[in-house]
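Heads up, the next two complexes both have chain A, just with different partners, chain B and then chain C.
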Partner chain A sequence: MKALRLLRWSGSVLSPRTRPCCFIHQTQYRPPFATNFLRFQSTAPIQYTPNIALEDDGKSGKAESIEAFFHNAPTQEERETILSQIPSPPPGQAHKSARLSALHARLMLPPRLPLETLARCLVDPSADIDSQFNNSSLSILGYDLLGLYTSEAVLCRHPRLPTEVMFAAMWAYCGPKTIAVITREWGVEVAAAPGGEVDPGYLQCKRVEAGNSSVDGTGVQVKELPIVATDSKGKPTFAEQGWRRGASSKTIKGDYFGDEIQRTELDYAERPELRQEDLQRKLEKGVTLEQASTNFVRALMGAIYLHAGKKAAYNFFKAHILSRHLDFSKLFEFRQPTRDLSRLCAREGFESPVARILSETGRKSRTPVFVVGVFAGKDKLGEGSGSSLDEARFRAAVGALKGWYLYSPLEVKVPSQAERGGQWEPVLVDGGEVVV
Partner chain B sequence: MPVQAIRTTSTARNGVGAFILQCKRLDFHYCDHWGSSKGMNTFLRSPLLPRFAAAHPQIQIHISPRPNTHPIIRGLYINGREKVICVRNLEKEQILQKCELLRDATGEKVKRPKGGRVVGSLNESVRGVWDPYHGGNKEIFGGRIVGAGR
Partner chain C sequence: MSVFLPRRPPANLPSLCPSFAGLISLTARRHESSARRTTKRLRTKPDPSFTSSIPESQINDHIVFNPPSSAPSPYHTPPVFLPPNDPRRQLLVQSHRHANPYEQTERRLPPIIKHHQPYEKKYHLREKEIEEIRRLRTEDPYTWSRAKLAVMYGCSPFFVGIIAPNEGKRAEEFKKVEEVKENWGRRRRYAREDRAKRRKMWGRDE
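Take a look at the complex of A and B:
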């Protein structure tokens, strides 16, 4: 497979302030005064009234105009006024934050990832609606990358996992709940309220109001208010329509956790005004801490990919997400294991399974123990013990099924390895779970 | 109904992949007048502190005066707890040792491991849990158990 020249692509995506040039150089190198002056002149008009300068008078020049304006402000008070009026800290503040550079060092991020981008990753769309300054674009990329790396790690190592269990494994590795925990374990702190004057080392998001807080001091709790149905919520979900979703529907129509996608790109293409509406709603209502941390970690993943390349992104994923502990055998929940097992044996051409008692003790006592093995012909598929014959038989069948589904090849090469300069090797594709 | 799944979260194993240092901030407080801060003031002016800070970029370092009190070092940790050490009348080398102590701490309360469960592990035992229904058959000859266990 031909290696893609990623940095060439990403250069046009990134804003000029966050180009992947060397991190160390950026801190030491100051452009000569003349070039600075020229750039200021070439961007948005600079006036000494904050309200005018902060209006968006041209998408491309907004970042520069704020920066330029900020640096040209003569007094400390004026600077503070400007900072308090913008929704998130300007990129130039990133180098002044000890908290941010400590976070950069703590996560052992590649030096090619500049502090400005790390600061941008920490700005949630609920804090700053402008996609030039928030992490929304980076988090879309990061979401896809996390999905790719996790799904190949799960599926190549356990090629026989049933679909539902695979979804659960994906959720356990990179679901929102796990990512919120990861963010906490990284020592990322959340700003009380977002704003330009806030230290850029904080996670900036607008939090939803707590359910038990009172509305305008009236004593009525927020959760007691009637829910106002909004038009922009979109189609009713499958659950609302009274449908139970099968694994196939989840695979085709869901995201990689098997959850239903509320808003697809198709919806946005049909009604472009929806995107702005959704963003506006987020800005007004706020987001939960879980959603904000999810956006942050995804954006960070995307930022590492853009600035430092595929290898660095994969190493980061391996170090922080894949290295976490997950016991796959505890993800299963069988309803009728004996039936599943006999279907599996029929499909694979084994003899139909028979349960036999291997040993027992205290049949007539208060605490009997039976050890039952389940056999296909002369081969023992599984074994289980229980205090009744049925319990032991079910446990034996569960053991046999887990033994089949949790098969893992000894040496695995994941497909994305070929992209990082390795040799592509085909991986085992299994028939999947039994259909009952 | 076919096999269903249970949603759980994966658990962190710090150091298996990345290692996150648990100490995230050190605050140094000194006093200009009191004699007990003499060692602290020398420490803050000596190259020991810049060297320590450069070696640990993941720790934020804050220095602030705290007049008319003994000098202290306060460590803040990822789990939200803090650990404070009073360094009155200590020499600068001793203060550096205290910094290293705070750096290496997890922030948890110091607990004495009780009982037999000193080692905690997420992995299953290689030998499995012992049960009386498998393994060697036990025969008793003259009061001695022969061939017990696996």
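Take a look at the complex of A and C:
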């Protein structure tokens, strides 16, 4: 496979000051006074214009005037005032933050990942709407990377998993709840309110108002207020329309957790103003801690990929996501396992399954125990025990089905491994789950 | 004047039926005379898996592998379920310990729980008979029940339900069952609900 030119591609995603090419031949820690308060897009709301008139035309020509403006700010007081008026800490502040350096060291991030980018990963779009300074572009990349690595890890190691279980496994490995927990484990704390003067080592986001906080001190809780329907919400979800979604709909129309996608890229392409509307709503309403944490971890994944390459990104994924233990056998729920098993045996050409008593004790007592095995011909498929023959038979069928679905090949090479410079080997693809 | 009322009925007290109590105690009591025989009986041989067939000189030089009996792990794929190119297939066939014990001709399979005749689908009903079934069932669903029609036409009641569903009767039957359920007391209702919950737990393997 052809090597991708990451450094060249990443130019469009990273902001000019934090491009990897600027840092390759440079020591990472520079003297603290070499700060550069640069905001290249003048979309950031700067109202502090005592002497210099800033024109809002969004051109890079303004950057120099802003820079000059910062450098000309004579006193500490004035600098602080400027800082407090920009929505997120400027990239130059990253080297002053002990918290950020500690996070970089604690996560053993590759040295090629600059502190400025780590600081940018911590800025949620709800804190700073400017996509040059928030983590939205990086988190889109990280979302796709996490999906790719997790799905191939799950699906190549357990090639027969049913679709629903696959979605549950994806959710368990890299779902928002897990990622929020990971963020807590990393020791990332949330700033009370985002702003330029805040330490860049904090996660910057605007928190959504708590459900039990009172509205203007009236004693009425926020969650008790009637939900005002916003017209820009778009089409109602399947659940709102009272529809149940099947596995095929989830596979084709959903994201990699099987959830419905509210806005697709197609929607944005048709109506580009929707993207700005959504961002604006997020900025007004705020996000939950879970959403902000999810964006941060995804952005960090994307940033590592851009700065340090595929190998470092995969190692990071392995160390923090794949290393978490997940018991796949607990994700199953069967309603009619005996029927499913007999369908499976008919499909695969085994003899039809028969339940046989392997051992029993206390049949006439109050607490009997039966051990039942399911056999196809002379081969035992599964074994289960229970306090009635029916229960034991049911559990034996469940055991047999799990034995089928949880098959794992001995040696697996995931597709991305081949991309990182290995020989590609096809993975097992078989008949799929039992459909009755 | 107070009357003493025993908590247990007098017939249950062992002191009132000495002959029966004596029978019990005879089997359980140990005497000096029976001590030798009892100890001898208790002196059981160890399980063959704990003793080795290797000579006495090397007795301290081997590993005893005798795991306690436990439910099999769902991660152990049964040999039949392994794909044909999996190397474990070959290894299991060669293995002495994990080979299928029922492959030996003298080893009989354990008893079957339910003996039922294998059901062969006949596919013998034509359009005319199906129309007839539908007509009968719409005319009088109570006389012509699914079971009755199934016997008459030699098919399964399930098939009758598919070709001639009767929503009216179905709803009425449901209503009847619901009415019966209305009259249940707390204990019966809870017992049924718990039973359903336990059944769900079987499917989750809990």
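Everything that follows uses one rule, which is that the second predicted complex is superposed on the first by the 385 of 436 C-alpha atoms of A that agree within 3 Å, B and C clash if a C-alpha of one lies under 4 Å from a C-alpha of the other, contacts with A are read in each partner's own complex, and residues count from 1 in each chain.
Operating definition for what follows: contacts are C-beta pairs under 8 Å (C-beta built on N, C-alpha and C of every residue); 3 or more make two chains touch, one makes a residue touch a chain.
Keep in mind it's a predicted model, so treat the numbers as computed, not measured.
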item: Partner chain(s) touched by A:A102 [first = chain B, second = chain C, both, neither]; value: first
item: Contacts of A:V165 with chain B and chain C, given as first, second, both or neither; value: first
item: Which of chain B and chain C A:R271 touches, first, second, both or neither; value: neither
item: Chain B versus chain C as contact partner of A:E333, first or second or both or neither; value: both
item: Which of chain B and chain C A:K223 touches, first, second, both or neither; value: neither
item: Chain B versus chain C as contact partner of A:S385, first or second or both or neither; value: both
item: First, second, both or neither for A:R324, with chain B first and chain C second; value: first
item: Contacts on chain A seen with chain B and repeated with chain C across the two complexes; value: 330, 332-335, 385
item: For the chain A and chain B complex, residues of the former touching the latter; value: 98-99, 101-102, 104-108, 162, 164-165, 167-168, 171-173, 175, 177-178, 181-182, 184-187, 247, 318-320, 322-327, 330-336, 340, 359, 361, 369, 371, 385, 401, 405, 433-436
item: Interfacial residue positions of chain B with respect to chain A in the complex; value: 1-14, 16-18, 20-21, 24-25, 57-61, 78, 122, 131, 133-134
item: Interface residues, chain C side, partner chain A - complex; value: 71-72, 74-83, 86-88, 100, 102-103, 109-114, 118, 200, 202-205
item: Of chain A, residues touching chain C in the complex; value: 329-330, 332-335, 337, 350, 352, 354-358, 372-373, 375-376, 378-386, 389, 391, 393-395, 398-400, 402-404, 406-410, 428, 430
